[in-house]
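Presented below are the structures under discussion, each in the form of structure tokens.
You will see chain A twice below: alongside chain B first, and alongside chain C after that.
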Partner chain A sequence: MRHDFLDRYSRLASPIHGLPAALKLVSALALVLTVVLLPPSRPVYLAAVAVVLLAVAGLSRIPWPALAWRVVVLEPFVLGVAVLALFQPGGWRLFLVLIAKSTLCLLTMVLLSNTTPFSDLLHVAKAWRMPPLLVTTLSLMYRYLFVLVDEAQRMGRARASRTFVPQRRWAWHAMATVVSQLFIRSSERAERIYAAMCARGWR
Partner chain B sequence: MHIPDGFLDTRTAVAAGALAAAGMAVALRHTRAHLPARRVPLLGLAAAFVFAAQMINFPVAGGTSGHLIGAVLAAVLLGPSAAVVVISAVLIVQCLMFADGGVSALGANIFNMAVVGGVGGWAIYHLVTRAVKGLFGRVLAAAFAAWCSTVIASVACAGELAASRTVRFSVVLPAMAGIHMLIGVGEALITAMVLVAIARARPELLKPDVAAEPRRSYGALVAYGGVIALGLALFASPLASRWPDGLDRTAELLGFKGNAAVPLVPTPKANDELPGLGWGALETSVAGAAGTIVVFGLAWLLARALVPRTDRDGTAAPPAGS
Partner chain C sequence: MSAAIEVRNLRFRYGEGTEALRGVSFSIAVGESVGLIGPNGAGKSTLLLHLNGLLPESLRGEGSVFVDGIPVTVDTMHEVRRKVGLLFQDANDQLFCPTVFEDVAFGPQQLGLSEAEVRARVARALAQAGIPGFEARAPHHLSVGEKRRVCLAGVLACEPSILVLDEPTGSLDPRGRRELKELLRQIPITKLIATHDLELVVELCSRVIVLDEGTVVAQGPTVVLLSDEELMVRHSLERPHILRHLHPH
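Showing the complex of A and B:
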């Protein structure tokens, strides 16, 4: 299956992966907050944060190309908004500061998500009294995310193997059918999951 | 439309976070009170569905492709409160697992896409389906609401960016709204086509009694209305005020001058430095209104093309056998 890029490195063994999830979450949030609040007139601080992040990345044993790729993939969204800052007086400086700050925050969050399994973060959220309905929704979502992505890819492969000709009109028609089938299958799966949850004494 | 970290200042991020928390609190409360226990897993599955559906690419001209956003689809299929929970869950996972959308901007993103996009889109859908009945009305309403929801969410996003003094309002509003008027056309097409396909395969999923929550719950609607109105007042009313004043200026206006600010009057200084790109608020508003009418007409044509004539006359959903 081709979705292993979604969550590949969060269960490696390294000093960073071994830290408690709550500590990592709090320090990541604190770091992001610091970067956002840093005055734009002092780029030195940003460089210091970058050194810290790179050290953490080195300790975490996540392959550098994978890490760089995750950041680069997300960079267009940053650029898209930052470019708008160029259309105003003194925009160049603001543009560069925005890019630097956003990239650092991006790196922080990529590191957090690649060193901490999402289920551990959910345990922290539960301990912090996040509403139970939201926790249930998030955990079910995380559990079935990969199942549904698999399901969508299976449908895509089945369609491709039936010599689907990608003319635009019919492509849209076929894609819409795939999405609707995905919803129908998800709701059927939800019924089965409910039955299974009840059988295991939920509520 | 996911705002990254570093683009919002503290006040805007905190204000948007508070609004998002209020909207989610209403949604969770309302969902918990009205959602039957057997449909609780559907929330998680629907969130996973929206996430997976966003990975399916629809080919657009010139090698580019678009994908479903899904706020209105979720609202139509599950109801507004469940949609807020579902879209918020998607945004939280995208933020914490994939670093897509900033943590400090998570509140703003949830407010824009889940609360404004989901509830606002549902309100438009609800109003149109009351006027036009049957599957035809539903498809028309969903297509129109999908476009509106995308555009309104982008306006809220633009307002937040401008209120943070990151980008000038006269630059960011036409850019964001203009791009999302195009994206919204794709969203409307996909939403309508998916809805028709679901109605063909499993019409019972679209019947009101299957929807995850009762239609009428005025308390929740009033609460949503209040949250959205407050948010738009804070972020989108700099339409009238001039760079670089965001929340401060709005608070001042609200506090000292009541509703004296008329957001449609362009201030002469707003766009004097940017000929070409700096559209005033008036031009944007007029273009937006014209675009909305055109899109409603297009949604009508789309619904005519997608819904077979036999289903169009009936007031109820199509018979189960069809």
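Showing the complex of A and C:
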């Protein structure tokens, strides 16, 4: 199972991967802020940011198709927001600028998350005095995302092995069952995890 | 001197009504290694949770579980958890941190140790579990065997005086099982091992407790009980092959 689908490239060796996590996080946030604040009337600035990001992407040695695919997967969310701009006067131009800006922001975050292990980012958050409960919650979320994906896949396989006549109606039914099962199992697992944490002194 | 673990007439019912434990009593001396065997659903895991005070409803009242003579209650549960290291059945439940270091360091950090001491304990525990240098690895990238060892390291890092293991060799390959057995043999503290791996019991435990339907149905020397074919079969177990070689009669 490719259960490293989220950050498969975050542990590569490259000049970018070697930079301190705090520096990357600050740069990424600063870049996002800059892109947001750039005047829409000067697309040249956006192009300059794009060149910088592409240079970083090149240096990071993350395969181009993988990077492109990640951005494309996230693009629908961007489109959803940008489409609203079409209902305004002069909407087309705004629409294009919004898409460009959002794509640049996405690319920045995709680059950040694929050049920095998530645990390193959490360390930075902790060092920056983010509330400990929030850090713990984030780290648990990251950790169990993989377990959940694994579990969903195992259930999917088990279901597939007994699906003899594929039918759309049943497929939906089965999907609903899997989702509800995952929900129940997750909450049971959460209880066991909590027990395991308590066993090692969590208060 | 009080027993490492003493359980007196322990009863427990899960919320929805299943009576998991119906008056369990036994005692384990300091330094002893004891096997806890019995069919699925006998109440083994439930019993082990009690040894760490992990079932809130069971903490009420004066307590029927004693660790080093201390009754397990709301007031004592943290002290008890420090003494009793519990290895869970499913490694994924136990490994909740993004890196191995953080996971193994979790217990020591809860104990309020200094950073240097935490580091030293993690390095020592990983070495003890046979996976030195695993600090930076991510738990979800490890094999089942490696995960189990990280879990063990996480428990050992708390330096418990009693080790309680729930199915430690479950879903391990033969080599992993053999190596884990060796690791456990080298840990010189009191051990209670719940398992279906009867060969593990023969090799590590001098005494066994047989649990079925929430009660202790037999306890005594490992070789004697596990050789009793009739007793074993009656409780969905079997006489392990290893005994035929070691004690062929």
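One rule holds in what follows: the second predicted complex is superposed on the first by the 189 of 203 C-alpha atoms of A that agree within 3 Å, B and C clash if a C-alpha of one lies under 4 Å from a C-alpha of the other, contacts with A are read in each partner's own complex, and residues count from 1 in each chain.
Everything that follows uses one rule, which is that a contact is a pair of C-beta atoms (placed from the backbone, for glycine too) under 8 Å apart; a residue touches a chain by one contact, two chains touch by 3 or more.
Since this is a predicted model, take the numbers as computed values, not measurements.
Measured by the number of chain A residues touched, the leading partner among chain B and chain C is B.
When the two complexes are overlaid on their common chain A, residue A:Val81 makes contact with chain B while staying clear of chain C.
When the shared chain is aligned, chain B and chain C each come close enough to touch A:Ser139.
Contacts of A:Lys101 after superposition on the shared chain: chain B is touched, whereas chain C is not.
By the touch criterion defined above, A:Ser119 reaches chain C but does not reach chain B.
After overlaying the two complexes on the shared chain, residue contacts for A:Ala55 are found with neither chain B nor chain C. In the superposed model, A:Ala68 makes contact with neither chain B nor chain C.
Applying the stated contact rule after C-alpha superposition, one finds that A:Arg200 touches chain C and leaves chain B untouched.
Residues common to the contacts of chain A with chain B and with chain C across the two structures: 118, 139-140, 142-144, 147, 189, 193, 197, 203. Residue ranges of chain A in contact with chain C, taken from their complex: 3-4, 117-119, 122, 139-140, 142-144, 146-147, 189, 192-193, 195-203. Taken together, the chain A residues at the contact with chain B in this complex read 6-7, 28-29, 32-33, 35-37, 70, 74, 77-78, 81-82, 84-85, 87-89, 94, 98, 101-102, 104-106, 109-110, 112-113, 118, 121, 131, 133-134, 136-145, 147-149, 151-152, 156, 166, 168, 171-173, 175-184, 186-187, 189-191, 193-194, 197, 203. Residues 49, 52, 54, 78, 81-82, 85-86, 88, 90, 92-99, 102, 106-107, 110-111, 138-141, 154-155, 158 of chain C are the ones touching chain A in the complex. Within the complex formed with chain A, the chain B residues making contact are 2-8, 10, 13, 24-25, 28, 31-32, 37-49, 51-53, 55-59, 68, 77, 85-86, 88-90, 92-93, 95-100, 102-104, 161, 166-168, 171-172, 175, 189-190, 193-198, 201-202, 205, 243, 273-274, 277-278.
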